[in-house]
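Below are two complexes that have subunit A in common, paired first with subunit B and then with subunit C.
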Partner chain A sequence: MIRVMSDEKGQAFTLEGITAALLILIVTYTLFESSVVVSPIWSEYGDIQLKQLGYDVLRSLDVHRTNMNLSACPDTQNITRNSLQYMLIQLNTSNPQPNQEFLNALDMMLDPSIKKRLEVYWVNQSNNNTIEHLVLINNTPIPDAVGVSRIIVLYPCDVTSSSPFYGSFTNDTALAVEVRMILWHV
Partner chain B sequence: MKVKEKRIDEGRLSLDMLIGLSIFLFAFIFIGQFLPSVFADARSEISVFAEAYKVSVLLTEDPGRWINRANTSEKGFHWESEWYKDNISFRPGLARVGRAGFISLNKLMEFKNATLHYGGSYANDTWIRDVFGLDSPSNSYHVNISLLIPYSTSYNQYYSRNNSGQNVLTIGPPIPNKKVSRYERLVNLPVYSDFIQHYANLPNNVNYRINSTFPLGGALLIVRNTSNIHAQCWVEVRVNLTNTTSLNSTYETVYELGDRVGSTCDITNLTGIYPLTRELNEGYEEVYENFTQTYNELPDNQSVVVRIKNLNCTFALSNVGEIIGDLSSNEARIVSKLVVTVWEG
Partner chain C sequence: MVKKSLRKGERKRELRNDESGQVLILFSLIVATLIASLAILHAQNLIAGVESSRAFLSFPKDDIRNLKVIARLDFQHLDCDAEEKLIDQIKLLYASKGTYVDFETISSHHYQLVYSNSEVYFTESLYVEDEDIWLPSGGGGGAS
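This part shows the complex of A and B:
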């Protein structure tokens, strides 16, 4: 006579169960004890510092005029050549490039391990308020890049007919140009 | 043959079940108890980081405030000329009025004087903690505020030094070897004579040697004009290392400008401002390695050599920070890193 015990129902497989439970426990403990805690602050820490650096650089370059002489506008003699203002007013529609003094100052303040992209945005007031933009330093950012910007005010007398901003003024109103810099570590 | 089947399906509470449930409950309670302490560390870091940010903003973006407690109508931003008088309450800030990020030299000096006055030494941060609200019933932090050259990194810190070799700003106890929060700001300092190690208008045809210490905070070459466009013109910058006892010496050219082959001077393309800080600092590292490998000894004299042919130039070095702009105009400034480091303790 063969006697079969059919006890599949409601049974726990003891050894496997205990092993699995211990495994989960060990993994959980190791994960939380490790020095790298997956928390939003770790990625933001780097971003905050890089973003702050970007804002400080733009602020440092927004040095405006060394001596105001509105009657001589455009007063290029008294505008600091490494400033955002000078960089904008010297732009030429046919080949818009930042001037060398500006690029030198920018590079002196940013470590070579930081790459950058530089764009300017403005509203063309004489063309139905369309938003126009130029890419002045054309590098392709990575997804972890951060963006900073600063608004620079240009006056009609600041620019010449070869400037990309020339046709964007209406009457004598000033033009707000947003200089946008995107930074990332390489 | 008859098979006799015994079915055990009466819903017993087995020992396996009890063990499994016990382990699960144990793990569940353990993790529940453990989780808050895991994130306590991150919470603490967020809190310390915020303190470092706060101090950096108050110092670099705000000019500070003062008020006369005996006559509250007397108040203002220029605490630097009032703080030592009677009945004055003040909070220091280093920024020029209306110019965030641009440091006032007077405020910087008086900030150091006030720290010395209230704390007895620059290493005592008691007054700084009090004035920036770093002491509270629940938390207490220490702070170190330093000015570093932009070439510094978080693991290689080089202090901004004046021409006497003293740190321009180092306040607070040394940074401990434990978890700290560090916040960096780029600040603009005025071109004060004590911050420029060398500044020389160099004439045509000169070999100019400047004894210096590396790494440099800033180095700038300005090419202005030439006296003869029908002759070749160039500039060469070298790093030179010497051992003054053995007289062993080696150099490396770190920067060249102009054409040393042709017979004319293309002054239009040469005129301009050339930052040389990184070239000189990286060149120094290479020359140092070559020197030690070649001679098996250390150099005790470091110099920068500027060789100029047929050009009028200005050359400037600083151990405080990068020199931005033409030093002969009032646009020039020195850019340094103000680093605030905060830790619990």
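This part shows the complex of A and C:
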């Protein structure tokens, strides 16, 4: 009994054990703590496919003209009716609405579970280069919505006096119109 | 009593001479340092992977393609003056979204596309050939 009580070797081993355990605990904690990267990117992964789909839709609807009949203004014969160009050209100041062919094409490419908002932005060159905009499809987006855009170039020949872009041209200039589409899942 | 104190002294000497505990701590320190180094290396790889995939995903490839298409297909139908005015409009539209875009003229038909925002800085040389000028000969529409 006296021998066991006075043997202090056990205390030293216990101390060493506790020190080693503490060290391993600290290292394990560091390992797990440093491995977890909390980043806002995780929420972006879910939306990236929707964003790419939006860009692809806008790219598909941008049917660029290779020729234009300058004597016919606007030259609607050389523009596909479901294109972004035609949708912009046919807009009327009094009631700016996308044409049905364009809306049908948009609906065919986007899943019914995807809601959209469509806006156009352009620079009014006649009014001190202020940026003007129109809302063509007016839905209220949710926080998870993604935005895509494409710039379309319109020529003075394309627009009539009833167009919302008519007053934004100055002599012999083209007009850059940004079509902005906001998409979200419902 | 004398025997007891002798024993106590011996035991103290024994403990003092016992170096196996120190070796144990030394080795545990070495092992801990190794594990910590591996943990740091592992974390660095993870962060590098996340950052590179983020850079890949946020790269505005569609916007840049759109700008290149405009340069290649629309600039060829515009004279120099109309070109400059179109570039100014594109700059303003992108500036409203916090991005600097420019087509710097290097020489005739040679441009340097610049796309710069908080995440990306991109430049590319573009060669544009004039084909059928629609402006200013097109005229029509628009206020003067």
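As a convention for this text, the second predicted complex is superposed on the first by the 137 of 186 C-alpha atoms of A that agree within 3 Å, B and C clash if a C-alpha of one lies under 4 Å from a C-alpha of the other, contacts with A are read in each partner's own complex, and residues count from 1 in each chain.
The definition used in the following text is that contacts are C-beta pairs under 8 Å (C-beta built on N, C-alpha and C of every residue); 3 or more make two chains touch, one makes a residue touch a chain.
Remember, it's a predicted structure, so these values are computed and weren't measured experimentally.
**Student:** What is the contact status of A:173 with respect to subunit B (first) and subunit C (second): first, second, both, or neither?
**Tutor:** second
**Student:** Could you say whether A:150 touches subunit B, subunit C, both of them, or neither, answering first, second, both or neither?
**Tutor:** second
**Student:** Scan A:123 for contacts with subunit B and subunit C and give back first, second, both or neither.
**Tutor:** The answer is second: A:123 touches subunit C but not subunit B.
**Student:** Can A:101 be said to touch subunit B (first), subunit C (second), both, or neither?
**Tutor:** After superposition on chain A, A:101 lies in contact with subunit B alone.
**Student:** So in the superposed three-chain picture, is A:49 touching just subunit B, just subunit C, both, or none of them (first/second/both/neither)?
**Tutor:** First partner only, subunit B.
**Student:** Mind working out whether A:186 is in touch with subunit B, subunit C, both or neither, as first, second, both or neither?
**Tutor:** neither
**Student:** Looking only at contacts as defined up top, I'd like to know whether subunit B or subunit C touches more of subunit A.
**Tutor:** Residues of subunit A touched, subunit B against subunit C: more for C.
**Student:** Under the stated touch criterion, which partner chain does A:59 make contact with: subunit B (first), subunit C (second), both, or neither?
**Tutor:** both
**Student:** Where on subunit A do subunit B and subunit C both make contact?
**Tutor:** In the superposed arrangement, which is not itself an observed complex, subunit A uses residues 6, 9, 12-13, 24, 37, 39, 41, 45, 48, 59, 67 for both subunit B and subunit C.
**Student:** Okay, in this complex, where on subunit B does subunit A touch?
**Tutor:** Contacts found on subunit B: 1-9, 11-12, 14-17, 19-20, 23-24, 27, 30-31, 34-35, 38-39, 41-42, 45-46, 49, 53, 100-101, 150, 153, 183-188, 218, 272-275, 277-278, 322, 324-325, 329-331, 333, 335.
**Student:** In their shared complex, at which residues does subunit C touch subunit A?
**Tutor:** 7-8, 11, 15, 18, 21, 24-25, 28-29, 32, 35-36, 38-40, 42-43, 46-47, 50, 53-54, 57-58, 62-63, 65-67, 69-70, 73-74, 77-79, 81-82, 85-86, 88-90, 92-93, 96-97, 132, 134-144
**Student:** Within their complex, state which residues of subunit A touch subunit C.
**Tutor:** So the residues of subunit A touching subunit C come out as 6, 8-9, 12-13, 15-16, 19-20, 23-24, 26-27, 30-31, 34-35, 37, 39, 41, 44-45, 48, 55, 59, 62, 64, 67-68, 70, 73-74, 121-123, 125-126, 129, 131, 148-151, 153, 155-161, 163, 166-176, 178.
**Student:** How about subunit A: which of its residues touch subunit B in the complex?
**Tutor:** Against subunit B, the touching part of subunit A is residues 1-7, 9-14, 17-18, 21-22, 24-25, 28-29, 32, 37, 39, 41, 45, 48-49, 52-53, 56-57, 59-60, 63, 66-67, 80-83, 100-101, 104-105, 107-109, 111-112.
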